[in-house]
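All remarks here apply to the structure that follows.
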Amino acid sequence: MRRSINTAAAIVGIAAVVALAGCTTDPSVTTPTNDPPPTEEINWFDQAVFDKQDAERGVTPEGPEGQPWLQYINAEFTDTSAFASPGAKKVCFANASISNPWRVTGWITMNQQLKVLQDSGAISEMETRDAQDSDDTQIADIDFFIEDGNCDLFLISPNSTAAMTPAVERACATGKPVIVFDRGVLTDCPVTFIHPIGGFAWGIDTAEFLIGNLEPGDKVVALRILPGVDVLETRWAAAKKLFEEAGIEAVDYFTGADPAEIKKIISDELAKGDVKGVWMDAGDGGVAALEAFEDAGVDYPVMTGEDQIAFLKKWQSTGITGLAPVYSNFQWRTALLAVQKIFAGEEVPKEWILPQKPITASELDAVLTVNEGMPDGHYATFGGEDLPGYPEVWQQRIVP
Amino acid sequence: MTAPILEARGMSKSFYGVEVLRDVSLELAAGSVHALVGENGAGKSTLMKILAGVYQRDAGQVLFDGAEVDFTHPIQAMRAGLATVFQEFNLLPERTVAENIFLGREPRRAGFVDTRGMANATASLLGELGIDFIDSNARVASLSVAEQQIVEITKALSFDARVIQMDEPTAALADHEVELLHSIIGRLKARGVAILYVSHRLKEVFDLCDTLTVLKDGALVWSGPTSEVTHDSLVRMMVGRAISTYFPPALGTTTVGDARLTISGGGNGYVDGIDLEVRAGEIVGVAGLQGAGRTELAEAIFGAVPFTRGTVTLDGRPVRLRSARRAVKEGIALITEDRKAQGLALQQSVIDNTLLVIRGVFASRTRTVRREAPGILSSLEVSFRGLDQEVQFLSGGNQQKVVLTKWLATKPRVVLLDEPTRGIDVGAKVAVYQLMRELANQGVAILMVSSELPEIIGMSDRILVMHGGRIAAELEPGSSEEAILAAATGTIAGSREDAA
Amino acid sequence: MTTTTTTRPRRRVRLDSTVIVYIALVVVIVIGAILVNTVGRNFFSLGSIRDILTGMSVLGLVAVGQTVVILTGSLDLSVPYVISLSSLIAAETMRGNPNNIAQGVLFALAFAAVVGLANGLVVTKLKVNGFIATLGVGLIVKGYLDTNYQGSAGSVPAEFQFIGATGIGPVPISTIIMLALATVVFLFLKKTRTGHHIYAVGGSVEVSRLSGLRTARPVIFAHVICSVMAGLAGLLLASRLGVGSPTVGSQGGYDLLSIAAVVLGGTLLGGGRGSIWGTIGGVAIFAVLDSVMSAIQFNPFLKDVVRGVVIVAAVAIYTGRGLERRRTRFATKEVKR
Amino acid sequence: MSLTTTSPTFGSRALGAIRVLISPRGAVFLLLAVLLVSVTVLNPNFADPSQFIRFIQRVSPIALVAIGQYFVIVSGEFDLSMGSVITAQVVIAGNLIGQDESKSVPVLLLMIAFGIVVGLVNGLVTTLLGVPSFIVTLGMMLALLGGVFYVTGGSASGNPADGFREIGRGGIRGVPVFDIIPWAVIVLAIALVVAIWISKSPFGKTLIAVGDNVTTQQFSGVRVWWVKTRAFIISALCSTVAGVLLVGYAGVHPSVGRGYEFIAITAVVLGGVVLGGGRGWVVAAVAGAFALEALFTLLNFADVPSTWRDTIQGVIIIAAVAYSAVAFRARRKTRTPQASPISGKEPDPDGDPAQSAHTQQNHGG
């Protein structure tokens, strides 16, 4: 015991010496970064994936007509006959969180789909653990399910890519089927990884739309929610590259998805000079951006938002030249439908790439009628039109 | 007589021009108990704090073991062997006895604090004092006042102190605890420790001390063996001076109204059996030693620490004074003992302090009183740069006047004063006395708690003396300091029955 | 489960606060077990126990460090950002290479100590109270993290991940490490002079000064220890996640939770009294609470409501008790007369 | 020794002004002036009236929370629940008003009532249960957000009807120089006038005195718990009004108002208000808010990445508190500074010994 105290004291001693050496300036202003280790700037841009997704954008998705949540692109199927077995199965769902309107929409859709599958006897029950946006909690949740969940299948919506990988691999090691959807992990052990085409496709769609409607040298303000989320970072990486190639002057800001922050940024930019285009990596606060233009009394920009009802309605009422890229909220349905397929032994795509077709001006009215009466925070591609409880459950936002 | 272990020669000290100690000398012989007596404010504790290294002397020399010493920090004195047991114990309530005694010099074995060794050393030190009922691992907070005092003495012993000063050690002790302290002092004496025993409890001085020094008004009056002094001659030396004439004329000239404040059977955790009456226009003085419960009485009347039994009536109407706010609304004012901590908001301006109670309780009167305030302030001759000067930059006397103004603004019916003139210059004292008399003449009932006997004698129309949380005696206005002192120490039977 | 060396009860009359927190823990466990079993899950299953103990590891490390700081009467709100910083530095120094582990650990703890030293100096030399000083330093570190890191960085070799992922029977290794370090800090407080002086300064700066203590040193030491413990928590998280992450510290809300666990464990927020084992009891209560709420699939939004209410209630119970003593007198804490 | 108030000459008045400018109380106005000038240098048309009025509109919500936080801090407490009160009010407005403009007034009244209840709970738990206010309000922050999201299903509801949002967005148009006077600026002006009136009112002065010395106020018959609780209610109401402005200005989103409590504390500290209470000026707190936003705008124009904002805010907080602590101690060498647990407490020579020094005047013995 005494040795460990000596070592602890030694460590602290060394630290103090290091600190004293480093801390020459007035302590209160010391930023403890005198000589930080080299931080290589993570380059989110991956040319190969960029090209893959660029191609996938063009492919017409196969699968049942009018049911985009069952369609797939360039799918290589895996055989699931090994998992085929009758009877209702128990699903254990490790969810990252329901802390933003997009995830709440998906969560409501998933629960309605669950009711359908329970009635058809495919799923007995789904036990869910919410990690409340914490990597550490989600790892504990997954470990709990492995140990104690007596689950027949693990369904995981990862909180972040790299951090979840070890836990997902432990889940696969149990031999039970694992489904990952929304954000990816750095392993291909899950039976299927369900996700829309991806960030690069979003970036290409939106950048090409803006470039098409603007002249080189025009200014575009890019509004980004927060750093470090791979899904969002890839969108900006792709768009940034295309903007540079097209000579568009793009400047990006982090907004924390706070509409007040967005309005301040736009107002400051408008004070500096005119802004022709607005690009967003997620639709949150898109309406506030447009309102900033109205307050400044300047004409609207060309704008790409997201399939959030608030943005779609504003787009419809203002008639701006806009585009609503989507991150296919219906993937929350696909995840459960995949469970049914796996236990039925039907083959499922190894990487289930769902269609990610942005909403163009022509489809705007049709989409809004389907989502009649839906709250502003709702997402048009929720894909639950044929599920029980449509539309009341989504309108009243009863979060299970 | 062996050479004195501690010699202080020509000690002088003054604070803000107020001279507190003037050319005092003192000698302590090893193995003897030397008393330092004098009434409140005679400079006893100032001399002791200079020796202890808390204050620095203005003039004079201190010789310890024959060598001149100059302690600038109490720990230097402790390490040199001159320990002090203050009235405010320097103990950490949440730590054990052993941890307190060895604070800052924890014994170590192989780099780690030797908790067991510390506890044993403490036990043996306590043993030396004949104490076996204090557990060296007990938390100090769980000990009685007497036990905590013993811990302080033991701590002095652990510095193998050759001189121990004790400041009013028996103030808060019960009788059996006093005897315990004296037996401990006996043991210390036997070990050759010199003890400086500061007290104004004459009985103990005669029982315990070999030699004594008498201080009065910061000056040395007499020093020598206790045997050469009697109780009366000592008291005369301590207080023997004519009552100065700067007290305004007493009761004679004003007609006293009927009973304004009457309390019967009043009591709470601190005071008991309180039956008193203060008539309109009358100043009742409350004397007594430290810890007699005088402040608790004032706070009980004021509702700060309310009575739990007994009844209180104001102008004949029974009132329940459960909170300070209720008392203020009933027209009672309390000028607290510690003006900085309880009387003033030091960062606020003079005018804001004057209006504290008005704004806090009688908000609607703020506008009118705000116009009157400068008048009241000038009537009390408060000197300050401007109404918005922060009160913290005023002298003690002016600060006390601001507190008085704060309460005068509410036009109270009953005014309670707790040590009204403590720590203020003479000019301010006179102003306070005159104000009290003017208030009395206007029919206000005044209850004054004071430790200064001249003040009690000079101002009171009736004198109550408290001892042990009870009203021990009621004396005539002109009574002598000796009588008050005697009643206060509970020695003579000047009890209520025969006085009335 | 946990080794509880209850300190010898000094006075039977006044129940030692550490004992109270363990009684509360048992009560919470009983209620939790009933609740969980009504939902058809077994509270005492291997997975559930491991989930609780894992939940205790990271918060335990942070709370032990927070205990030492609170004992001096100060506070540390910069812990979440120190956790993230240390996880990043460790992961980036190791870069997946097992023989970089020692260097990674030392580097991370060194930087944590620097932040702790900065906290300590701002509190003692610039006389800024703990709340604002550590909030300020925390924000400074947060700015550095947000600017330099765009997401998880670096990688942790499998050998180091071993700590975070495995365990012996139901007890994860991370919990064992946490309890071991808690014992080290417990012994440090009990067996070293600085430890005693940390209690003394928290009890009363005045008495400490009069006893010749240099009162700044223990406070600075306490802040360094607290930051180093947060650094260790960051290392544990790096081992569990396999990577460093700039947000892992703030994701867990460790600043508020660690303070609440310390106070729940009976340590006075004003300093001077408290025990490491009391804090561990507080941490256990929160871990059980979380595990029960997850087991009964409690709505995540309501989880925050329960946490907020429990934190305020826990502190209210303790300060309420403390207040009784003070209410007898307006002015001073202790009864002077 | 009578009452002496000499009329200050111009020289001493100017000297006084300069002294105030560098003292913690006044430094914020100097800082604000410098920042506004440097922003204008970087971007000239920032100074033209129509742009500047927009800047004021933008800062109004933050100035309002600074006012609310001022009253709480000056009474010696902290309110960390302001951000979540704003978020809660924004979400409530979005959900309950929806597109039905006629509901604006009843829902506004409900929001005010909700604000009062939050302030009441914060105040009572702090004063009567004795829980430190920063823990009470942190617990309230956590519980409030969780509760509101649970009730509104993750706040998916959209922006309320435009009529309700007019306060935050619109204004009096067609005004000559400024071409629009936003309602938000008017609301802020009113709030500031009311705040100044409150701080000068008996309640305001009593509140500051409670922050200065709570024992003195208890002995002056003040109901300390009710005074402090009202400060928390004012703070919650300020957050509510800020929420109303933000709903108009920005719209409904769960992250609206996040972190506003720390911005408010930074602004109040920048305004020279002393933490622990007893000293500070509400106008300086508002100036602190404007200075902080001017600084962040300066960073935007200077293309400093917004991720450095927190670092700057951290440095400001420490520097401001350290400066006022140093200045504070320098001016109070003579008396015992507030015995905070860490800062040393010199023994108070004035109090103890000079008990009743009878000087020579005392004739007789």
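Labels for the chains are A, B, C and D, by order of writing; each one numbers its residues from 1.
We adopt the following convention: contacts are C-beta pairs under 8 Å (C-beta built on N, C-alpha and C of every residue); 3 or more make two chains touch, one makes a residue touch a chain.
If you're wondering where the values come from, they're calculated on a predicted model, not measured in any experiment.
Taking B-C and A-D together, the pair of chains sharing more C-beta contacts is A-D.
When chain centres are set by their Cα atoms, the one at the greatest distance from subunit A is B. The centroid of the Cα atoms in subunit B and the matching centroid in subunit D are 43 Å apart.
For the pair subunit A and subunit B, the distance between mean C-alpha positions equals 72 Å. One simple way to say how far apart two chains are is to compare their mean CA positions; for subunit A and subunit D this gives 38 Å. The set of subunit C residues touching two or more other chains comprises 122, 126, 128, 136, 140, 144, 146, 191, 299, 301, 303-304, 330-331. In subunit D, the residues that reach two or more other chains under the touch definition are 150, 154, 215, 218-219, 307, 311, 315, 318, 322.
Shared interface positions of subunit A, i.e. residues touching 2 or more other chains, are given as 5, 28, 31, 98-99, 227, 399.
Those residues of subunit C whose C-beta lies close enough to touch subunit B in the complex are 8, 10-11, 14, 190-193, 195-197, 199-200, 203-204, 207-208, 210-213, 268, 272-273, 328-331, 334, 336-337. By the touch criterion stated above, subunit D contacts subunit C in their complex at residues 78, 125, 129-132, 134-136, 138-147, 149-150, 154, 215, 218-219, 262, 269, 275-276, 305, 307-315, 317-318, 321-322, 325-326, 329, 339-345. Here subunit B touches subunit C in the complex through residues 73-75, 78-79, 88, 90-96, 99, 103-104, 106, 108, 112-113, 115, 135, 137-139, 142, 172, 269-270, 291, 293, 295-296, 304-305, 338, 341-342, going by the rule given at the top. Taken together, the subunit D residues at the contact with subunit B in this complex read 1-5, 202-203, 205-206, 208-209, 212-213, 215-223, 227, 278-279, 332, 334-336, 347-359, 361-365. Across the complex, subunit D is touched by residues 72-74, 122-124, 126-133, 135-140, 142-144, 146-147, 202, 205-206, 209, 215, 219, 253, 256, 259-260, 263, 269-271, 299, 301-305, 307-309, 311-312, 315-316, 319-320, 322-323, 330-331 of subunit C.
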